[in-house]
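Please find the structures below.
Below are two complexes that have subunit A in common, paired first with subunit B and then with subunit C.
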Partner chain A sequence: MEKYKLFILTIKEPIKYLILGLGIYVFFRSSQLYFNKWLLNQKLGFDLQWMRTYTLQLGKFLPEWFLYSLPDALWMISLGTFIHNIWKNEPKQNLLFWSIITPIIALTWEIAQGMKFINGTFDWVDILFYLLVTAIIIHKLKTTKYEKTT
Partner chain B sequence: MKKVMTIFVVILFSSLVLTNCGGGNSNDPSATKESETINEKPKLCDCQNYYWKDIEDAMNTGVAPTNSDFVNKCEGLYTEEEIIDADCGIDRYDPEFKAE
Partner chain C sequence: MKKQLKTITSILLFGIFIFMGISSGEDIKKSGDSQSEEVVQKINIGSTYSLDAYHQIQFKSANRYWIYQKPLNCGGEGNWSQSGDKIILGPNDSACESTMKIKGEYTID
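Up next is the complex of A and B:
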């Protein structure tokens, strides 16, 4: 039971961020996105498409950073929180080492898009958001109480 | 154990980006930021015609089309009510129809 509770605590916060980002994708982004394509072909596709006729109208008034960069930032903060929750009770250098992975993956991904190694759109606003999330991760690391020391 | 879990989480999140599941820009070249922006606004009656086509296709296949003229050209431009209520003189898909 204790293990189950710990697992829920580990995934609760990251899942929240991920669902928020996913919501932006589902309600405000093109139906050509892989996930939206799949979702709209499910049973709830009809109702969802109906809802999207309204949310996409609303989306026209939302800023580009909200539609295109915020989901990426939420994805990154979700991964960062996940890793932080897994390693938070470990020695500081372990937590630091694994926490660095998140910004590295996100920035590498964006740079690879810019260099056309992978499909997608390079955007400086995405980079700015990734740096913001990196600052949040660093702040979280600084405020974590380390239970074990080496 | 924690290392395995972390690697699993990293792979899982990377796959979320690849499938546009809550993170990352689209990996579908037809859905990059530029192409997601609708440049030319089609007329309401053209959209109604495309809408009838989608309804027909959905009734035939049982699933809502995701790559149709309506989805690609009209999605987000008009509400479903605006499209249905528009007086365009057509009540089913007409391949020859062109809004004036």
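Up next is the complex of A and C:
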């Protein structure tokens, strides 16, 4: 029971961020995205598509940062929180090592898009959001009580 | 959790999240209304199409359609969208039962 509770506590927060980010993708973004194409071809695809006839109209009134940058930031914070929750009871250097990988991946991803190494559009607003999430991760690291290094 | 298990879980998570990042690709454009951009490729806004022997459908805008049936002289409006090759017609406000039942998934010939 204790292990189950610990597991739920580890995944609860990151899953919350992930669902929020995916929600923006599903309801407000193009059906030409790989993820949306796959999802809309599943059993619940018709109902989702029907809901999208309304949400896509609402999306016209939402700012670009909400539609395009916030999901990426939520993706990053979800991964960062997952890693933090897994390593928070370990010695400081372990937590620091694993936590720093998340911002490195996100920033490298964006830079690779800018250099056309991978598909996607480079956007300074994305970088700004990634830096904001990095600040949140650093704040979490600072407020974490670490295990003593043996 | 044992350290080894934590390491494996973390590596798996990075893999899953990178895969999710790749899956979020292939967007048409980063600006503008993505839905209407898709739609323009298949449907001419303003054009009228025959749905069956009785019903005519006109795509009034990137999200609104108007449907009309001649024998009973009734029509209605509703929302529509496109997913790949499929056209999804939402419910319409027609007074005729057969026209109301038109909502659903269609492909363009």
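Operating definition for what follows: the second predicted complex is superposed on the first by the 146 of 150 C-alpha atoms of A that agree within 3 Å, B and C clash if a C-alpha of one lies under 4 Å from a C-alpha of the other, contacts with A are read in each partner's own complex, and residues count from 1 in each chain.
Assume contacts are C-beta pairs under 8 Å (C-beta built on N, C-alpha and C of every residue); 3 or more make two chains touch, one makes a residue touch a chain.
Computed from a prediction, not measured in an experiment: that's the story for all the values here.
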Between subunit B (first) and subunit C (second), which does A:L95 come into contact with in this model arrangement: first, second, both, or neither? neither
Counting only touches as set out at the top, which of subunit B and subunit C does A:W87 meet: first, second, both, neither? both
Contacts for A:L70 in the overlay, against subunit B (first) and subunit C (second): which applies, first, second, both or neither? neither
Touching A:I137, do we find subunit B (first), subunit C (second), both, or neither? neither
The intersection of the subunit A residues contacting subunit B with those contacting subunit C is 25, 29-35, 37-38, 40-41, 45-46, 49-50, 52-54, 56-57, 59-60, 64, 68, 71-72, 75, 78-79, 82-83, 86-87, 90, 98, 101, 105, 109, 118-121, 123
Subunit A residues touching subunit C in their complex are 25, 29-35, 37-38, 40-41, 45-46, 49-50, 52-54, 56-57, 59-60, 64, 68, 71-72, 75, 78-79, 82-83, 86-87, 90, 94, 98, 101, 105, 109, 118-121, 123
For the complex, give me every residue of subunit B touching subunit A. 2, 5-6, 9-10, 13-14, 16-34, 36, 58, 63-64, 66-67, 71-72, 75-80, 83
Within the complex, which stretch of subunit A touches subunit B? 18-19, 21-22, 25, 29-38, 40-41, 45-46, 49-50, 52-54, 56-57, 59-60, 64, 68, 71-72, 74-76, 78-79, 82-83, 86-87, 90, 98, 101, 105, 109, 113, 118-121, 123, 126
Please output the residues of subunit C touching subunit A within their complex, sorted ascending. 1, 3, 6, 9-10, 13-14, 17-18, 20-28, 30-31, 33-35, 37-38, 63, 79-84, 86, 88, 90, 105
